[in-house]
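Quick notes on the structure that follows.
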Amino acid sequence: MPPILVRHASLPGQPASPAAAWARYEATRRLTEALAAPLGPEDQTVQSMPDVSPTKWHRAHTTWFFETFLLLPGLAGYEPFDPAYAYLFNSYYETVGDRYPRARRGLVSRPGVAEVTAYRAAVDRAMADLLAGSSEDLGFLLELGVQHEQQHQELLLMDAKHVLAQSPLDPVYASFPTSAGPGTGAAAPRPHGWWAHEGGLVAIGAEGPGFCFDNETPRHPVYLQPFELADRLVTCGEWLAFIDDGGYRRPELWLSEGWATCQAEGWQAPLYWRAEPEGWSIFTLGGRRPLDPAEPVCHVSYYEADAYARWAGARLPTEAEWEAVAEQLGPAGLGEGEGFLDPKGPAAGAPHPRPQPAPTLVGDAWAWTSSAYLPYPGFRPWAGGVGEYNGKFMVNQQVLRGGCCATPPGHHRPSYRNFYPASARWPFTGVRLARDERSAR
Amino acid sequence: MPPILVRHASLPGQPASPAAAWARYEATRRLTEALAAPLGPEDQTVQSMPDVSPTKWHRAHTTWFFETFLLLPGLAGYEPFDPAYAYLFNSYYETVGDRYPRARRGLVSRPGVAEVTAYRAAVDRAMADLLAGSSEDLGFLLELGVQHEQQHQELLLMDAKHVLAQSPLDPVYASFPTSAGPGTGAAAPRPHGWWAHEGGLVAIGAEGPGFCFDNETPRHPVYLQPFELADRLVTCGEWLAFIDDGGYRRPELWLSEGWATCQAEGWQAPLYWRAEPEGWSIFTLGGRRPLDPAEPVCHVSYYEADAYARWAGARLPTEAEWEAVAEQLGPAGLGEGEGFLDPKGPAAGAPHPRPQPAPTLVGDAWAWTSSAYLPYPGFRPWAGGVGEYNGKFMVNQQVLRGGCCATPPGHHRPSYRNFYPASARWPFTGVRLARDERSAR
Amino acid sequence: MPPILVRHASLPGQPASPAAAWARYEATRRLTEALAAPLGPEDQTVQSMPDVSPTKWHRAHTTWFFETFLLLPGLAGYEPFDPAYAYLFNSYYETVGDRYPRARRGLVSRPGVAEVTAYRAAVDRAMADLLAGSSEDLGFLLELGVQHEQQHQELLLMDAKHVLAQSPLDPVYASFPTSAGPGTGAAAPRPHGWWAHEGGLVAIGAEGPGFCFDNETPRHPVYLQPFELADRLVTCGEWLAFIDDGGYRRPELWLSEGWATCQAEGWQAPLYWRAEPEGWSIFTLGGRRPLDPAEPVCHVSYYEADAYARWAGARLPTEAEWEAVAEQLGPAGLGEGEGFLDPKGPAAGAPHPRPQPAPTLVGDAWAWTSSAYLPYPGFRPWAGGVGEYNGKFMVNQQVLRGGCCATPPGHHRPSYRNFYPASARWPFTGVRLARDERSAR
Amino acid sequence: MPPILVRHASLPGQPASPAAAWARYEATRRLTEALAAPLGPEDQTVQSMPDVSPTKWHRAHTTWFFETFLLLPGLAGYEPFDPAYAYLFNSYYETVGDRYPRARRGLVSRPGVAEVTAYRAAVDRAMADLLAGSSEDLGFLLELGVQHEQQHQELLLMDAKHVLAQSPLDPVYASFPTSAGPGTGAAAPRPHGWWAHEGGLVAIGAEGPGFCFDNETPRHPVYLQPFELADRLVTCGEWLAFIDDGGYRRPELWLSEGWATCQAEGWQAPLYWRAEPEGWSIFTLGGRRPLDPAEPVCHVSYYEADAYARWAGARLPTEAEWEAVAEQLGPAGLGEGEGFLDPKGPAAGAPHPRPQPAPTLVGDAWAWTSSAYLPYPGFRPWAGGVGEYNGKFMVNQQVLRGGCCATPPGHHRPSYRNFYPASARWPFTGVRLARDERSAR
């Protein structure tokens, strides 16, 4: 069993009191349940492809995380809710034990939704006991458990979207708000603006008191050439021009592996787009509706993003470039809203990328960067079992930056590194362009 | 529960009155719902492998069958319950239209169980209208719809068993009765007896007024050599001896393709068997329990059945041999009980093969025959869309005879031809031996 | 070239003297080398798909057969030519030992053609020693080795054709004769005739002194309904009509598994056909040339043959029907020529199906039958290692009858049972129609 | 047809005269033939896996490169040797036309070795004509053609090794020299030394007059932390300690994807190692022989290299670190010998990694770096068809540095970037360790 990690003296997100700790824990747990609520037992059971996990698995796995890393080592006398759950709900922690094969999660009908709900309730009760008597030592692991569950909130939504999309009935997860919202704007998108950066030595990575994942550290210098970064994401309307110009039929625009994938999969548009007699429709968490040219394009692979950038005479940014601009803009300049999971976000409606009327660096679709997901110089994984959280995935993935409409609040921070294989399309993945300074072009 | 299908003068399959027709229809529909009742929405959604269909799919598909072949052509003004259902719930009728890919049935969470229940109710109401005003023309198609749904009752059970088996929790579909029943008998099985048949020209196939599937016709002569047929199925205890004698490690016992499959799949025992420290256990619809050596072995492939027979110095019977013995024995000699779906069957408990204390030709596990599933001489498929019911599967499958514990009443008739690929293990498939007459051995 | 095998009193297959035995052995071996001669080392190395074996493998494997089953047990002091060859050139004899994976035969560059030639020569020398001193006991195994090598002569040709077809250069194995020969005849094919058979009890299978494979025995009665059998194979011209009538686009004509295969493989015509601007061309062992409508269609799967027959309002014959007609016609009535490997066959040119100007039951393309390849009643495999020759393949294959242009002389006998999976197209497989007697149609 | 590129004014490798150009061309072509000479037609035909190309394909493809990019656009009246060759021997140039599927190159027996030899001779004659009349414009493309063929010389050797390894005969490509050479030294390897680098801003990438590939440009600054780089490659003896310590059984040492691959492939040692009763043997181009603990470990994947480094308490270097050390050492410090293809290299014997008695940065096995293969800042692919040479492969590959025993002379330069997927084992891939400066560890 991995040791409990040593606390960090000044985590923010590390509540000052047991009551505050419980409040943060409880609010996170409650939001997960609220996100699952529109999904029936059937929806929560299906695994639509190996990369997707069933909703009830997400709900159980996040619970197992608290049970394994906090309750079992920390709460005297705690007995596992069900000994078989360690095998069923461990995701990838080799040091913790064997686990049910990931690609077969959708074959397990039992435990069902009701049992998972009971599991969550039992762990919540035990967590209340633990937190009531906790010392500050819990701070890091508690916050990690919260952050972990928050990450799974985003996964839950993007996975559920993929599940619902399998049905020819085009089912609705949640309705869009009746006023405003996506799909209504016929206005032309705002023209591209560019943020210029003069390059030189910059520092990237996390440092200081706030919580961060180990993969965001250590903060370190990087040397950049002068460059410019687009002040908004690429829109669906722009993507239509790419399609109309043969974007999906011209190998010279593509990476070799991307072209092979495009051919093998028969890609002709982003995921969830469908050609209808009257034009393109897209499937959203609010159901299927006509494409809105003003909204950011979403659900494209790295291969497509890279091909688009080449077609547009630009390129994708590196993650250091993105982060350098974020530092330059400062917190106030990142853009106003965060995603739909933010209490300050849209009051209702299905999470979906919204048009960006003003410049914003964070946004409703993750921006693919041209950076491979690799350790920062001097990177050290966390000690103990949670050291498997990030480091062991550092090969054959690309970094994404900026958050999306389903990203929980706080995860839009400039140093946050998301990562997916270049072929992934089911996350909320979009495109932000960059280009070399004019003199170098 | 439905009565055994009596051979009516006015058949095929046509009850004497609209009221009788409705009674038969309604009882069949009710039994399906009763069989699905122990399965929650999660259980009803999972497809554990491409050959398995979700329970809610079985419930909807059988409903679609009545809607497509009876209501739409026969009930004036009937509108489809949902136009998308024709695509979702057509199984394999090419002439009726496109359909959702079979291997992806488990990816569709919606329509869910409640919608399927509503679909069934709506079709039942329309069927009541149809039958209230029906002419005699409906007889055949109504009976076909009933027989079709009965076949899916068996499929529903064997598929649900496979689904439940994916969970490490070993869930229970239905409890075994507390008294008697499988798993309790430690008594040694009855020694093998043999029914001798002198061979010569026999007639096999269906003829006469009772309902039968097209693949059972026409009745025709077959010439047989003298032979003997075992008067019971091979037991688990006998199978243990095969295992202990290296049955799963000796290629000389196996067909070449069977050995390759055995190696590739890592077979070491029948499906659902598991080696425990204290001996073998088996997973049943009543949960996991210790192996009962007296009960018939079940869930073996044709490859295994064939290898076992070779090891035992015997062989598998042909379907003509099996049917010739059935004719020789006559209805009274076939054996007493039918399966668990028979009103005269076990009053309660999970369907599972029971020991055979007396000679019986039908039984609780289908007997693999050495006959390939081919058309009888002069075979003509039914006309119309239902002509796709049987004939187009007549290649690369083996015939099985005798019924199983999950077979609906009436389907144990001597001319009934079940069929599966040689690799199938998830149906209730067992082994009955045959051998040449002594002088030919 | 070898004579047609005469039925000897002292058989199975035993020539009257050591000199005659050697002559038969040597002629067979020489023919193999003659067939391989047009193929260079590169041609002899390639394995174009798992079912195909490289030419040099055929040459070595047939040699290994004599070494393993005759020299090692029978020639005192004989040492294996190379101990590694037993592993490399065993095909599927489990009782003889492990072997190199079949699907990887084309990855082995060494031993090369020269080493295989040396291996053949060394074994021939040892065989000469063995036969010089042989007792009568050798008769069966020697004849089996000869028959085995003859079978591989046909395999060598059909495999080499598939290999050569992979090159866009359309290479030539051997030239067609300048006069006459395939491709020149524009004459319309002879109209179909039908041989009628009155049905009833017939006997099929081999019996008597001549050599036969174990799978041809025992001779046994079969009861047939009255039927008719076409007196020639289906022609390419007739197949064109099937294509033009949507044969490859109409699922109602196909077995379910056949249609799935047709769709998955994108079949639109027989193997080796190619649509050219000016019409269809076909690839032959003589290179690519325009399709001759008068020649028998070849290189079709069972699925296609079955669909064609259904489209034509007929059906495929059973193997018993085919053999019953053969018996009825008698040796004189089978048709005159045998294949290109027959000393009395075409003097030169590449083996390829020739038009059939007169009624013939044997022919230049194997006729798919609707019979699954199963053991005859009372079948007993040969004793010892050679018992793996035939019996263990008796599942999921269809029987073919009648021989082809590449069949060695003697293998056209009425009781000979060829067999392939229903999807096979690379053998010389064609179609002969049957139909029920008029009154039953 | 792509335009001829504009010459670079001062390429080295760009000979001063037509005679010198011809000499360089001819020597390169001759070396290719010398490397193919020990391989017979069978060896030259086999493709042992999709990543491997047949020797005769390498010989033809390099010839096609000269034909396509120099002769067709540059030599008046030149006609293609065979129009089908453009389809057969194009590797991946989408802008030039369609091509035969890569994974099926080993299925093409014709054109054979003799035809390829004739093709090479014909193109050589035409190249002589072209060079005799050439202006300086040819310089870049000629040099590119030479460099391209040199790269294929290394591929030819590593591919041929993989082909020969498929035979259980353990065939020999070329003999090791009788004196000295690999396999003879039982001496303990030299202890590790470390080169320290103080970090800071360094410049990497190519610049200046010499030939380089586009992916080596532009030269640009990179900021490094202080680090140390091992002064030799990891040895087989050290790898044995990794194996003995459970290196292939401990998931905590591996990247997640690496561990999955290790499990799926059953890796227990580097490629070409085999456990014998008396210890490990390795397959080499000189045949199979006992493992020499003093020689550098070779034929390991990135996953294994990364796991080893973690086990050793070190890490892999970045490509910038490797190149910074190379700059620090200067040409004289890189190490003395280059590979076996260097005229100054070993006089004879099979290319194989040799022990490193003195510190050396280049070596006989490529060093995996932790850097993903990505474009340098400001990277521009070459214009025209040759622009597909490098850039389109910049995803999901790792950079390797330092050359190997089969690397042609000149390709060991500090800025040279080799790249392979993380799973590749068949190139001559080894491991060089790095570590953070002590204070950071």
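Letters A, B, C and D name the chains as they come in the text, with residue numbers starting at 1 for each one.
The rule we apply is simple: a residue touches a chain if its C-beta (ideal position, glycine included) is under 8 Å from a C-beta of that chain, and two chains touch if they have at least 3 such contacts.
Only a predicted model underlies this, so the values are computations on that prediction, with no experimental measurement involved.
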Under the document's definition of touching, what chains do subunit A and subunit C have as common neighbours? B, D
Taking the mean of the C-alpha atoms as each chain's centre, how many Å separate subunit B from subunit D? 60
Can you work out the whole-Å distance between the CA centroids of subunit A and subunit D? 38
Find the geometric centre of each of subunit C and subunit D from their Cα atoms only, then give the gap between the two centres in Å, rounded to an integer. 47
On the basis of the stated criterion, which chains touch which? Give every pair. A-B, A-D, B-C, C-D
Would you tell me which residues of subunit C are touching subunit B in their complex? 92, 94-95, 201, 220-225, 251-252, 254-259, 302-303, 306, 370-372, 374-375, 377-378, 388, 392-396, 398, 422, 436, 440
Touching residues (chain side subunit D, partner subunit C) in the complex: 40-46, 48, 56, 82, 84, 87-88, 100, 104, 106-113, 163-164, 166-169, 171
